[in-house]
Amino acid sequence: MGFGQLPYDVAHLLGGAMLLLSFMLLYQRRVAAVVSVLAAQGAVLAAAAAWQGFVQGAPQLYLTALIAAVAKAGLIPFALRWMIRKLALARGVDPALGIGPSLVAGVGLVALAIMVTLPITTGAQALAREDLALALSVVLLGMLMMITRRNAILQVVGLMSLENGLVLAAVGVTGMPLVVELSTAALVMLVLVVAGVFTFQIRGRFDSLDTALLHPHRGEEG
Amino acid sequence: MPAEFPLAWALVFLPWAGAALLGFLPRERVAALVNIGVSAASFLLALLLLAEPVGVQGWTRLDALNLPLVLLSFLIGLTTAVYSYGALAAETLDPLRLRAFHVAFQVFMGAQALALLADNLGVMWVAIEIATLASVLMVGLHGTPAAIEAAWKFFILCGVGIALALLGTIILSLAARPVVGEEDALSWAVLREVAARCDPGVLNLAFVFLLVGYGTKAGLVPLHAWLPDAEAEGPIAISAVLSGLLLNAALQAVVRVKAVVGAHPETVPPGALLLAFGLASVLVAAFALWRRRDARRFFAWSSILHMGLAATGFGIGGPAGHLAGLLHMLGHSLAKSAVFFGIGAAVRLRGSQRIADLGGLCASYPALGWALVTGILAVAGLPPFALFASEFLLVTEVAATHPWVILPLGLGLLVAVAAKIHTLQLLCFGDPGPGTPPAAGPEKLHWPSLGPIWLHLVLALLLGVALPGPLRAMLGEAAGVVG
Amino acid sequence: MLTALALGLALLGLLALAALPLAGHRLAGRIVHGGCCVVSAGFALAALGGMAFGLPEEPLRLPFGPAWAGMSLAMDGLSAWFLLLLGLAGVATSLFALGGAPRGLVAWPIFLGAMALALLAADGFTLLLGFEAMSLASWALVALDHREAGNRAAARLYLIVAALAAACLLPCFGLLGAMDFAAIRAAPPEGWRAVAVLALGLVGAGAKAGLVPLHAWLPLAHPAAPSHVSALMSGAMTKVALYVMARLLLDLCGPVQPGWWGLPLLVLGVASAVLGALRANLEEDTKVLLACSTIENVGLVVVGLGLALLFRGADLGAMAALAAGAALLHAMAHGLFKTLLFLVAGAIQHAAGSRRLDRLGGLIHAMPRTALAAAIGLGAAAGLPPLSGFASEWLLLQSLLAGWRLGEIGLQMAAAAALALAAMAVALAAAAMLRFFGLVFLGRPRSPRGAGAREMGRLQVVAMLLPAGLTVLLGLFPALALELAGEGIRQLVGPMVRPPVIGLALGAGEGHSTYAPLAVALLIGLALMLLWAVVRWRSPAIADRGPVWNGGFIDPPAELIFGDPLSQPSAAGMAQPLRRMLGGTLLAARERVTLPPPGDPRPARLEAGFEDRIGMAPLTPAARIRDAVAAQVERLRSLTIRGSLSLVFATLVGLLALVAWLEGR
Amino acid sequence: MAVLGAVIAQLLHLALMLAAAPLVLGVVRWLKARMLGRRGTSPLQPLRDLAKLLRKRPVLAENASVVTEAAPHLAVAVTVVAIALVPSFAHGMAFAPVADLVLVAGLLALARMALALNGLDVGTAFGGLGAAREMSFAVFAEPALLVSALSFAILAGTTNLDQIGAVFRDGALGLRVSLGLAAVAMLAVALAENARIPVDNPSTHLELTMVHEAMLLEASGRHLALWDYQAALKLTLWLALVSAIFLPFGVAPAGTGPLAWLIGLLAWAAKMGTLCLALAFFENAIAKMRVFRVPEFLGAALLLALLAAALLFVSTGFA
């Protein structure tokens, strides 16, 4: 495998698509739209996993792809939407850091990710290296989203896209044992459940998902 | 027992089976007793590990580093269960939440065992994640605003942390992939062997993510924000197991990874990074202690301090450094959980966990008061308890090898000890402040409350100055395992 | 012998444990204090025997210890000398406690045992273990009456200073590079490491010994404890700190160190001596007064140690031996008479119900035996011949008078100035002790309770007369004591020297100047007898008793049964001359006299006070800085969830950038 | 034989001192009076006073303790021992080996303590006042004395009075500025210790600036006699001290016989006479100073002594 070959181009294309979707997550102004972008990212992730399975001839990656497709592209967005509807959330995103600045910051993070990965992984296969750079960017962008959005749901979304980045990195590595994918997928579900529980509790307590409202309730006030 | 089902897994699944059982037990008393029973059984099982051969077995490993930690974990699990038997009755919990607590507790214990015993880094990661989620549930158990805030912060921060740790793990295996042939690229044993041949750049990248990821779990400054609030909410048992067990598991993970990355000569020295985090934790926590008004949060911050000290020990490395770090982890778990037991009893009696409301314990409840005095002295690292020994070794070793580190370290230690003495006197000495409920007749404290405290303190004492030969040999060996 | 000592330590531990179940039992006090008394006597005998008939060569390795090494005990001349002191003080104080109400039964044996452990330690860990356990146990005893806010503050400051001492001494052993004393002696530190050891050791041991400017805790903590505890704290514990200083700076760091090492000791010692003695003249509480005089005596001992270092650095072996002998002898003398004096203060407090000089008076009539013991102790503290205090101070002054042999003019001037200040401190101590005795035992009672005072029980009286007798003996036979301490002196200044002794007399330098206390005592006694005979023969008349003349003052009105209190000297009044002469400059002393207008019958009032700014100097700024930093750190905590999350994020990005940069290079 | 001579010399010296003490006091008073143009009392008057006081029946205050009885005896005895150590006409007397300057200072401190205790015993205002001041003055006097002793210690290599005297007598050292400074310092200390003008006024009572007399207000009969005698002894001791150290001419060397003693005796008498004269002249020449200027007076003495030592450091080869 190497540059200019089909497997590489496709994998790279898919990774790039995920990165692009991460930027769209940052760009969106409406919660519903954010969720659908997350779903799209999950779908692309599934495709990427499947492609890697095909390239590496590793059947367990198909399973990963399946899980990703079902969970990330299907269940989670559905659950989130249901939650939004159930809790009748405000539609707006009200970012702590403006859309424009967060995009700029995102570009900076991508630059950092490439700077860190490209020069160093000379030993590893080019494929993994490229994917690693992309995955790293996706992860960083996910974190950026978590810290620039006030809404609890959006923070969960950030976490999800961060996990997408993880899986992307994981499938990029040839011969990664199945345990990781499985556990990742399982834990993503668990995380979602816990998150849901708390979102309901927060909602029930504070009639809002703006986590800033939690702040005054730190123990040891005054 | 058959090799394909080693004792290690039994240690994991026994508590989980117990959790499943507890899930269906409606009666509170029975549940608490069963909880104790399961904990006792798994403690005995853990004792059997002493007879096990050291080495890797599938996904698990048993060596001198994690053996004492496992034993300690199940011991504290047992004492915590015993303590909760008396304590939970006073907690205002509806049966459902109580059941949830017992289930989560046992799940946590199983995951803890797995996290300590895992050889496969992936498995270790999974275990720590499960333990985290279980403790998140326990933290949020009360459902008060403060509890929800703490739990949410815990969940978000550790969720991110764990994700970063996973990324680090993946990158690590990516680094090892080219050089391990057919072997498991995530096995710690394998990684230590091949690390020297890996690409240093990838190792660096992996270590950064693993350090930040597991460091968040270990509550190292500046990744600590979740810890004080998480340890201060939920049943007191949480404080005990969080500071006593989960932090150790996370720090042990960091240390094992450091051992791998450090095995390569050209990497950015991982010890230096760990040392920096450790010193930052010591200094920040030492000064933060002076601003605490909430007893449980005070001791949560002191957990950050002690994790920082242990990290410093592992950071300077060398047999002495590692020994100091390990000894500090063990001693801290014992002493800190003892103090939390005492604080919990006091909070129960006084109905508040503000230091101002707890004042004058020695006057109103002498037995509890003096037990707490002893415990806090032990936590403050005063002789003759284990933390004195470990801090002695740490400081002397630092002075011998990294003299310039002694300034921040000594400053932090001094400020922290002063803060603890200050709080100790506020809590235990003087007359009970106005507004505190008077001691209702004879002290209503029975052995489940005081017994664990003294047991822990006696063990900390032995660990400090009277370590039996075999244990001493094991600790020395443990220092070598990651050396 | 070491095994026996170790068993003694174990026995003390058992007593502490036994005190738990015995608490409240009728015999608890008897058992614990009696046991402590016996064990202390054993310590004293063992040390005496060791110094007289040869010390154990090999250190004793204990079967247990910390995780990395075993603990080991050893007894050389130095530790034996201080162990003897500890034993004697322990016997007296335990005896005194035996007669009183049983209190602090758990901490007391630990206190004794920890001190013995620190003295017998043969490695750094054991030493510091004992040292810190000693501080801890005495802290518990100081905090015994923790319901009084003053005692709480004192206890807190006390333990924090102890922690400071530990924080300084721990790195010392790290810098020395080894735990085992023998190994350290084999490879003494050099260069900046040695200097760091000097600084840290001086601060660490000095803080625990109450050396200026780290002395503020001492006048607070020592009085707060029960009297027998204060006695042991002042008499023995400060000596343990001095032992650590001597062991660390003179013995372990070895003769390779330069002579100027003695200079900081000399300066700090002299400062402590003068300041402590002056404060002792201004304080108005008996126990605080005694605590301040402890600061003074600690200072004198440190002066001796510093001189020993200076002389050793200049290869003046005999002079070094003189100075070291002075330090050791004064440590012993002070240990004994200060123990005695604190016991006296306790007896007074118990009998007359107050510690304040202005509430006491005339007790010599009610408590003659206590008065006798006090007179001996105060005489020794005032450095009067032929008592122990004078012998040691004679040696000290002689070694200061020999300071000109140091050759270098700077050192000569320093020694001359030190001589002047040391002499001043001695005279100040004399003034303070006179004030103590005059206000407490002489004159008229100043309170009804004081008028009703009675002599203490037999045990307490014995407990006071024991150290009194020892003080006299030490004063008459200091030469024998120094012969015993010879091994310790060699430990400090070199194997070649011999103690400054000529037969039964003390001899300085080439032995030109000598002090033969026995001869002096005999001469005084002879002169007294002859004088008495002559006076009786020439003036046989029996003395009449009549009302006090008092310079023609009118008799007090009948309702003032104790006479007119205003016509008796008061504590503040006795302090007035020195307060005006020295207090203003050294202690920021102030006075205010309020005179009522003419014709107003109200008496004039004198308000006097002072504050020890030097003692507070290290404390207040430290607290201010601490609070400022803590306030800054607190801002970290006030971050929201997103804030702390971005902190994690920033850390990650920072580390990534760091790695990228490091690899870019 | 030498031992016998030493013992005899010692006894003679002691007898001489005991006898001379009241005379010295009387002579000083008489000289002062003559200088002022008064006839003055005979130099023997102090002896008569002593005899008369001894005959009187002493009166003690009701609350006087054993201290009042014991203190005067102790003070006199101690002063006698001290004075026995200061060589007068011969060196190498029996007590010469123990004749240490620091010891003398200690003995004087003991006597001072006894005096102060006597002042405090019955708890009268004046007694306390005097005691406090006496002790406070000593705080400045003792350093001055010891630092001036430092000069002798450097030159003679010892603080033993006998040897200091011997070394100085042989004149190996010649005349030194430093010794002059030390002498001035020591004279100042002597004035303070003996409660002479300008520090105190020995011839007044109930003056608010008084120190020494204030402590004796309650003493009467034999006690007062003892105190007066002790004062006389102390004055004599100090004069003898000064002459023994700074004017050691004509003192009989150790081991010499009666003839040398006689010369020494005459020389000593001459020296004491001159010192008395100087003292009387000085006391007439200046006025008493305020109590709280005494520290400056003695502090100046201390500085002079330090200066002497410094000069020695520079001049002698020791530096």
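Annotations for the structure displayed:
Which chain is which? They are A, B, C and D, in the order written, and residues in each are numbered from 1.
Keep this in mind: contacts are C-beta pairs under 8 Å (C-beta built on N, C-alpha and C of every residue); 3 or more make two chains touch, one makes a residue touch a chain.
For each chain, UniProt lists the protein as follows: A = Hydrogenase-4 component E; B = Hydrogenase-4 component F; D = Formate hydrogenlyase subunit 4.
Since we're looking at a predicted model, the values are computed, not measured.
Shared contact partners of chain A (Hydrogenase-4 component E) and chain C, listed by label: B. When the C-beta pairs in contact are tallied for A-B and for C-D, the bigger tally goes to C-D.
For this pair, chain A (Hydrogenase-4 component E) with chain B (Hydrogenase-4 component F), the centres built from the Cα atoms lie 31 Å apart. Chain D has its Cα centroid 35 Å from the Cα centroid of chain C.
Centres computed as Cα averages put chain A (Hydrogenase-4 component E) at a distance of 100 Å from chain D. Chain B (Hydrogenase-4 component F) and chain D have centres, each the mean of its CA atoms, that are 77 Å apart.
Listed for chain A (Hydrogenase-4 component E) are residues 116, 119-120, 143, 146, 211, 214-215, each touching two or more other chains. In chain D, there is no position where the chain touches two or more neighbouring chains simultaneously. The set of chain C residues that touch two or more partner chains comprises 641, 645, 652, 656, 659, 663.
Under the contact rule stated at the top, the pairs of chains that touch are A-B, A-C, B-C, C-D.
Chain B (Hydrogenase-4 component F) meets chain A (Hydrogenase-4 component E) in the complex at residues 120, 122-123, 125-126, 129, 133, 136-137, 140, 143, 145-146, 148-153, 155-156, 159-160, 163-164, 166-167, 169-171, 173-175, 177-178, 184-186, 198-202, 204-205, 229, 232-233, 292-294, 297.
Chain C makes touch with chain D in their complex at residues 361-362, 364-365, 379, 382-385, 390, 394, 397-398, 401-402, 404-405, 407, 409, 412-413, 416-417, 419-421, 423-424, 426-428, 430-431, 434-435, 437-439, 442-444, 505, 508-510, 512-516, 519-520, 523-524, 527-528, 531-532, 535, 538-539, 541-553, 563, 567-569, 573-578, 580-582. Those residues of chain C that touch chain B (Hydrogenase-4 component F) in the complex are listed here as 64-68, 71, 124-125, 128-129, 132-133, 136, 143, 146-147, 149, 152, 155-156, 159-160, 163-164, 167-168, 170-175, 177, 179, 193, 196, 626-627, 629-634, 636-637, 639, 641, 643-645, 647-648, 651-652, 655-656, 658-659, 662-663. Interface residues of chain A (Hydrogenase-4 component E), counted against chain B (Hydrogenase-4 component F) in their complex, comprise 116-117, 119-124, 128, 132, 135-136, 139, 143, 146, 152, 155, 159, 162-163, 165-166, 169-170, 172-177, 179-180, 183-184, 187, 190-191, 194-195, 198, 201-202, 205-206, 211, 214-215, 217-220. Residues 149, 152-153, 156-157, 160-161, 164, 201, 204-205, 208-209, 211-212, 216, 221-223, 225-226, 228, 268, 273, 284, 287-288, 290-291, 320, 323, 327, 362-363, 377, 382-384, 388-393, 395-400, 403, 406, 410, 413-415, 417-418, 421-422, 425, 429-431, 463-468, 472, 475-476 of chain B (Hydrogenase-4 component F) touch chain C in their complex.
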